[in-house]
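First chain written, first letter: the chains are A, B, C and D, and each begins at residue 1.
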Amino acid sequence: MILISAEEIAKHNTYQDCWIIIYDKVYNLSKFLPEHPGGVGVILEQAGKDATLAFSTIHSQEMIHRYLPSDACLGFVDPATVAETSKVEERRREAIKNRPSLNEILHLYDFEAVASRILTTETWSFYNCAAGDEISYRDNHYAFLRIWLRPRIMRDVTHIDMSTKILGYYSSFPLYISATALGKLGHPLGEVVLTRAAHSHGIIQMIPNFASCSLDEMTIARKEGQIQFFQLYINKNRDISRKVIQKAQEKGYKALVVTVDVPSVGNREKDVRMKYTGAPPGIQNEKDLNRDQGVLTPEDAILAAEYGCDGIVLSNHGGRQLDFAPSAIEVLPNVIEGLKKSGLLGKIEVYIDGGIRRGSDIFKAIALGAKAVGIGRPLLYAMSSYGQAGVERALQILKDEFETVMRLSGTNMIADICPNMIDSKSLSNHSLTPKDYLSSNVYDRLVPLRSKL
Amino acid sequence: MILISAEEIAKHNTYQDCWIIIYDKVYNLSKFLPEHPGGVGVILEQAGKDATLAFSTIHSQEMIHRYLPSDACLGFVDPATVAETSKVEERRREAIKNRPSLNEILHLYDFEAVASRILTTETWSFYNCAAGDEISYRDNHYAFLRIWLRPRIMRDVTHIDMSTKILGYYSSFPLYISATALGKLGHPLGEVVLTRAAHSHGIIQMIPNFASCSLDEMTIARKEGQIQFFQLYINKNRDISRKVIQKAQEKGYKALVVTVDVPSVGNREKDVRMKYTGAPPGIQNEKDLNRDQGVLTPEDAILAAEYGCDGIVLSNHGGRQLDFAPSAIEVLPNVIEGLKKSGLLGKIEVYIDGGIRRGSDIFKAIALGAKAVGIGRPLLYAMSSYGQAGVERALQILKDEFETVMRLSGTNMIADICPNMIDSKSLSNHSLTPKDYLSSNVYDRLVPLRSKL
Amino acid sequence: MILISAEEIAKHNTYQDCWIIIYDKVYNLSKFLPEHPGGVGVILEQAGKDATLAFSTIHSQEMIHRYLPSDACLGFVDPATVAETSKVEERRREAIKNRPSLNEILHLYDFEAVASRILTTETWSFYNCAAGDEISYRDNHYAFLRIWLRPRIMRDVTHIDMSTKILGYYSSFPLYISATALGKLGHPLGEVVLTRAAHSHGIIQMIPNFASCSLDEMTIARKEGQIQFFQLYINKNRDISRKVIQKAQEKGYKALVVTVDVPSVGNREKDVRMKYTGAPPGIQNEKDLNRDQGVLTPEDAILAAEYGCDGIVLSNHGGRQLDFAPSAIEVLPNVIEGLKKSGLLGKIEVYIDGGIRRGSDIFKAIALGAKAVGIGRPLLYAMSSYGQAGVERALQILKDEFETVMRLSGTNMIADICPNMIDSKSLSNHSLTPKDYLSSNVYDRLVPLRSKL
Amino acid sequence: MILISAEEIAKHNTYQDCWIIIYDKVYNLSKFLPEHPGGVGVILEQAGKDATLAFSTIHSQEMIHRYLPSDACLGFVDPATVAETSKVEERRREAIKNRPSLNEILHLYDFEAVASRILTTETWSFYNCAAGDEISYRDNHYAFLRIWLRPRIMRDVTHIDMSTKILGYYSSFPLYISATALGKLGHPLGEVVLTRAAHSHGIIQMIPNFASCSLDEMTIARKEGQIQFFQLYINKNRDISRKVIQKAQEKGYKALVVTVDVPSVGNREKDVRMKYTGAPPGIQNEKDLNRDQGVLTPEDAILAAEYGCDGIVLSNHGGRQLDFAPSAIEVLPNVIEGLKKSGLLGKIEVYIDGGIRRGSDIFKAIALGAKAVGIGRPLLYAMSSYGQAGVERALQILKDEFETVMRLSGTNMIADICPNMIDSKSLSNHSLTPKDYLSSNVYDRLVPLRSKL
C-alpha cells in the first residue's frame, strides 16, 4: 500500500496536473478532467485536496470505478500528514455530542430543531428552503390547523387497526416515505437509512430518481418482502426512460411514480442567499436534479384517472417549486369532489404530501379522502440528527399520535375515518395565511409621536 | 412514644429493609413492598426518606390503615434530627409570603399568575398542560372571544335573580365545580377546600372519581343540605361499578356523572418534558387516573338523550385529551339544534365546561342553550394560591361579573338569557385560531438583506 | 385678611376638629362633616391639608357657598408656609414644559400620547380605562378598519360643503362633542374649555349631567348663538328630573339627551388596579356618576322611535360599561335596516359615538346612515395636553381629514355620502378582533426544544 | 473664466443682493427673485450658498437658460474655497460604497432595503410615505397574498412567450413603468435612467407630467423605436392642456395617459413628520405636483369606456392619496365584471398598478383580466441604489419570476393566463388587513398581575 503525504498531493492542483482524495484514496484526475459531466470547475476547486464530502453528496462510491481507469488510483493518503478537521466540522461534531438524548425528542419539530444545529449552514439551507416568500411551504402545515376534529364516543376502541393498502401493498399505517434528494448531505449513508427504518416500521419507501445513493445500494438495503416504489422523471428521450423503467422492474420495484417533467426550478432565496457565502460545489447542480411537479387541480386529477393511472399524488413539493401553489390538503376535497362528479372516484387512489407533522394531520388527510400521506423533510431531519434510530423514533411518534387520535375519535380502523369525523369548513379560509416576512420587514412603520416622548 | 432519628431511618433504604416517613410516623414497608399496586420502584425512591409529599398527592391518609398492619408503624421521626426544608420548598414558601393580597386579585387570570409562582414546576406543568399543540386548550377560551353581546335597554333590572336549577337542585348562579384530579398537589387539604367554598357560594360540586381526598373526607366536609354529584368511570367489570354507585348513593351524592371510559390518555408535552427533569413519583400514575372524555357531537348528544340521561356535559376536558377537539361552546349550538330537530330538546339538560374565565363567558353559554357551566383549573389555581379564601373570591368575582353582564344586558333572570342576547355568527370562524408555537418557533424566517445592512 | 400657617391648619385633622384648604381659603368643616353627601371618610383624608385638587375634580366652586355658612371660612392659608409642590406635580409640570409644539401634532393619536405623559397616573387610568378585557373599547376603532372606501372620480369637487344639521341646528361638520365626566381632572377649567373650542369650530357640545363644572359655568361660557344640548339621567324620583329639565330649558339648552339609567357600572380593571396604589379620593365616587348606557340593537331603536324621540345615539360608552358590547359603527347598518323595515327611517335621526379617530371614520359613519358622530376621550386628551388650543387643533385635524376624504371620494356635500361610497362587507367579520392580552399573557407557551439548544 | 470665492458669494445673501451657486456657476438672482414662480422664500433660503441640490431635484438644467439673462452668470465658484461635503452627504457616499454587490440582490425588497440606507432621510420619507395610517399602501401588496395559484401540469411549456401589446404597442412582458415624480431626488440623472432601462428590456415607460427631467432630456434619451406614453393632468385652462398635448405629439409620444385632476393631496404623515426636521425646500412644492387619481369603481370604468378611452388604469396611487381606497387588484375583478355586464369588456383595456413586488403578482393581475401592470416605487429604489444597472436587474428579476410562474403554472403565452389559473376567493376577505400601528402603539395594554410578580 502506497502512502502519499498530504503535502505532496497539495502540489498537484492544476488543470494539467490534478490529484484529489476521495475516501482516503488518491486519484490522478488529469486525464478525466475535461470529460467530467459536471464541468471542470467543480473538480478544480478540489484539486490537491480531500474531495470526499463534495463527491459523496451527489455521487455513489461505485461511480469511481465506472468512470476512472484503475491506474488513476495512486495509493492512499498518509493519515499522519492529514490536517485536523476543519472548524466547521468540529462545530458539527460538538453539536452531535451535545444533542439531546433521543427520548427527549417529543415531536417532529424537535428533530428539526436539532438538525438545524447539526447540519452545516449550507445543508440546512438546502433542506429547509422553499420558493419565493415561502408562503406555500408554511401554509402546507397551517392548512391542517384549519381543520378540526369531531370525536365520537361510546364506541368500542379496544383494538385499533391502523394498517392500510397502498396500490395493493400492505402498510402498517397510512404513511409512506416521499422521494427526497441529496440524503448524503445529512447522513453519510444517505437514503439507505430511510430504507432500513421503513422496513422496521412496515411502511413503503419511494426511491428518488436522483438519490445520492446508487440504485444498487438501495436495492441491497431492501429486506425480504419489503416494498419500494420508484420515482421517475420522464425523459424527453423516451428510450432512456424505457431503460430506466426496465431496470427498476428488474431491481424489484413494485410501482412507478411518474413525476411529470417541468422545465424550471423554483426560486429559493434562502438557498441562493447561502451560496454567496460559499456553498460546496455539489449543490450547484441541484437545479438539474429536483424538477418534479405534482397534481394540484381536479382537472389534472381527472386527466390522470382517464390516462389509466392507479394513483395520483397531490403535492406542491414542500413549497419548493411554485410559491402560492395551494397545499395538497386544501386541494384534496376539491379533487375528490371532481373525481366523484366524473364517476372516477373508485378508479384511482389519491395521496398527498406536504406539511405532515402530527398524527392528527394524517387523520385529517384520510378523513378528507386520501389513501395515505407522504412525508419527506422531517425524516431527513431525524436522519441527520440521530441516523436510523432517529428516523425510527420519528415514525414511532407519528404512529403513536395517529393511534391516539383514532382511539379518542372513536374510530378503530382506517375505513372508519370518514369526512364526518372532521370539521373542515375553515380549510379554505386564508385569514390564517403565513406572514410575509420580507415585505413586512422592509416596511418602515409609521413612527408615532409617543415613541419620541 | 418512640422517637427515631432521621439518620437511623436513612440507613433502611433497600428492598430488603425499607423504612419511610409519612405524616411524621416511621413505617417499615419491607414486607408490603412487593404488594404495592403502584409498583416497587416508586416506594424505593423514597426509602429512608420522608415520603409524605409523594404519598399524600395521590393517597388519602386512611389508606395507611387499610393496607398496613399496625405493627408496621415503628414510632415517630425525631423532629430535632430532621433536615431543614428543601430549597424548592423554601422558594415556594417565599412565593406564598410575597403573593399579592387577595383583594388585589381582580380576575381569574390573576390567580393563574400567582399559582404559576407558588406551585412547584412539576405541579404547575401538570395542572397547566394540555394535549398536542394546545390548540384546543387555548381555543376553549378564544371561542368565547368570538361571541358578542346584544344588550337591551329600558328594562327594569333593579332585581337580578341569578339562581337556577341543575338536575333539579338549586344553584345560586349557573356554575358548578367540575371534577379535577390531584387537588392535593396544589393544597394539602385537596378537594375538600373546594367542597367548603362550594357551600359558601351555594353551588354544586362534582366529586372526582379519582380525587386525592377520600370519599369519606369529602362526605364529612359536606355541610347540611349541600349538594354534591359523583363522577364515575364505568369499569369493565360492571360489579365494581355497581358497588361504587351503591356506595355513592349511601354517602348521599345526588347525581351520577358517568364519564365514558376511553382507552388512552392525550399526549401532553409540557408535562412529559417536565418529567425528564425529575417529576415526583406520584405523577407517574396519572395516565391511569385521568381518562374521561366528553360528548362533542350532536349525534352523541342524541344517543345520550335516547339512553335516558337527564343531562350531558359537552367537554373536551380542558384540551387535555385530544388536540383539535372543538371547544364545548362552539359545539353547543349544533347540539341544541340537533336535539331540537330530534324532538329531544326539553328532555335532556346540556352543560358545558372549558375556557370559562369571565362572567360574560357564562352568560354566552346560557344564551346558547347551556343550563350551566363547569369550571375546573381556575379554582385549582385559586386554591393553590390562597386556599379556601381564594376559591371563594374566585367564585365571587365570577358571580359579580355575571351579574353585571345580566344587568347591563337588560336581563333579570336566567330565563331571559336567550340566543337573541348574543351575536355568535363569528363563533365558528377559526381565523382567530391560537398560534402554533412549535411550528412557528422552529421555522427559520427568510432573512431579508435589510437585517444585514 | 387673616393668614393662617400650614402648620396650624395641619393640627386640625380630626372628626371633632377638621380644617381643610380649598382654593387657598381655610374652612372649618367640623360641623358640616356628618352631613357630607359623599361621606365622612373622603373629607377626613384631607383633614388638615390642601383639598383643592380632590374638591375641584368633582365639585364646582359655587358648591362651597351653597353648602357652607360664611363663618366656616377662617381666612387664607399663609403662602409662605406652604410646602413646595409635590414630586408628582413637578414631574407633570416638567412633562408640560417638554411636550412637543402643537404643530408637531399630526393626528389624534399624538394627543393621546402626550396626555399619557402629562396626566397623573390616576387620571390617565381613569380616562383611558374600559370594561373587562377592553375588547369593546378597542374594537370601537378596529371596526372602522374593516370598512373601505369606494372613491368616485371625474366629479366637480371644487367646493366642499361639510355642514349639516343636528336635530335642526347648524353644525360646521357632522361631529359633536360627547358628554364626558370629570373634565377638571385633565384641565383646571374643565368642560368649559370644550365649550369654547366648540364655538370656535361651529359645532355642538353635549353638556354632561355630571360635569365637573357647574351648569352656570358652562352656560356663561356659551357664546351668542352657540348651541348646547343637555345630557340627562332620568331619576327614579321623576320630580327631580322634571326640575332638572326645567332648569336646563331656562338655561337655554336646545335639546335633551336622555340617558337611560342603568343599575351598575362596568368592571374597569386598569382603573381598579390603579386605586390600590392610592387614587385621589375624588375618583372614589365615580361609580355613582358615570352610569349611562346607549342603544345597541335595532329593537331598541324602533322602540325609541315609537316613543317619539327625535334622535338616538348608538353607543357602548367607549367600551367602559359592558365588554363585548358591539361597536356603534357595527350596529349602525342593522339599526338603519331595522328602522327602514318598520317604516320609521325618516322619523328619527341616528347618531353614533366610539372609536372616531380619523376623518375617514366620520365619512364611513355618515355613509352607513349616521347623521353625525360624537367624540369624547380624544378631546379630553387634547384639552389635558394643550388646553383650548389643543382641542381646536384636534377638531381642525378631523375637519381637514374629513374634507380630504370627501374631496378624494368625489362627494361635495354631506348628502352625497351614501352607502355606495363605502365597502362595509367585512364590517361584521371579527377575525380582526383585538388581542386578549390577559389570557395570552398568562398562557405558558409550549417550550420547543429549540429554545434549549 | 472668473473664479469667485465661496466666502465672497456668502456675503450676497439678501433680497436686494442674492447670489447662488448652481452646477458650480455663480448666478446673481437679485432681479429674478420677485418673478420666481415658486416664490421668493425658497430661493432666499439658498442665498449665498450652493443651491444645486435644491434646484436640480425639481428643475432641468435648461431652465436656467430659459429664465435667466446670460449676464446673470457671474462666473464659477473657486473649488479651492468650497467647504467639504456635508456629513449627510458623506454618510450617503459611505452607504453607497458599502452597499451589497448587485448580484446579491435577490428580489425587489432588497432594493428597498438598500435604498433606505442610501437615500437621505428626507428623500426616503418622500418616496416611502403614504396617506393616513398607510393601510391602503400596505394592502396594495397584501391583497396579492390573498390570491393563490392553480397550476396545471402535463402541458408543453418548452417555449414561453411573455410578450404582449399595450394599446397596440409591443412589450416584452406585461409590465410598464408608471409615472413617478421627483426622480432626481434619488439619482442625479432622474427619470432618464428609467428610460434607458425600459429600452434595454423592451418595455414601455410612462413619462410623468411633472418629471424632474425636462421633456427634451427624456425625448433625447429615447432610443430608436422605443415607445413612451405621456401622462397628462388636464388643466382648467384647456388651451394649456391643448398645447402640452400638441407638444407631446410632436415629441413622438405614442399615447396620452390622462390623469383626472383632483383638488387636494393626501395626508402623508411620515413625510410631514420629516419636514419638521428640515426638508430641502424643493419638496415643499410637492403638493402642487402630485395630484393624480385613478379609477377605482366599475361605475367610473364604464364611464371611461363610454367616453371612448382606449384603456384605463386602476390605481390608488400607491396609497399616497386616500387611505382606505381599495387596492387596484381587489377592484379589478369587479371592474371586469362591470364592463362585461355593460357589453364594454372588449372595448377598453384595463391596467392596474400598486403593490407589484413579485412575478406572481403580475401573473395574478393578468389572470384577473388586466392587460398589464405598472410599477413605480420599486424602480425608484433600484435606481437610487444602483442606477441604470439596478433598474435593469429589478426588471430582470421580475421577468424571471414571471416566467417561472408561467412555466410552473402550465401557461406558455399571455392568453393562457385566465381566471381559472388562480383562486381569488379570499381576495376581498380583509381579515389580513395591515396592522394599524398608530392606534395599537398608543394603546396602553392591560397590565396583568403576572408582569408584576
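Quick note on the criterion: contacts are C-beta pairs under 8 Å (C-beta built on N, C-alpha and C of every residue); 3 or more make two chains touch, one makes a residue touch a chain.
Which chain is which protein? Per UniProt: A, B, C, D = FMN-dependent dehydrogenase-domain-containing protein.
Here the structure is a predicted model, which means the values were calculated and not measured.
Relative orientation of subunit A and subunit B, expressed as the C-alpha superposition rotation angle, is 90° to the nearest 5. Subunit A and subunit D touch with mostly distinct residues; of the residue numbers seen at this interface, under half occur in both copies.
Distance from subunit C peaks, on a Cα-centroid basis, for A. Subunit B and subunit C have Cα centroids separated by 43 Å.
We define each chain's centre as the mean of its Cα atoms; on that basis subunit B and subunit D are separated by 62 Å. Shared contact sites, meaning residues of subunit C that touch two or more other chains, fall at 104, 106, 109, 112-113, 116, 133, 269, 273, 429, 431, 438, 441-442, 448, 450. Against subunit B, the residues of subunit A that register as touching in their complex are 103-104, 106-107, 109, 112-113, 116, 124, 128, 133-134, 138, 141-142, 145-154, 157-158, 269-270, 273, 357-358, 360, 400-401, 403-405, 407-409, 423, 425-426, 429, 431-432, 437-438, 441-442. Taken together, the subunit A residues at the contact with subunit C in this complex read 100, 104-106, 109-110, 112-114, 116-117, 431, 448-450, 452-453.
Residues of subunit D that touch subunit C in their complex: 132-133, 135, 260, 262-264, 266-267, 269, 272-273, 276, 293-297, 299-300, 303, 321-326, 428-431, 433, 436, 438-439, 441-448, 450-451.
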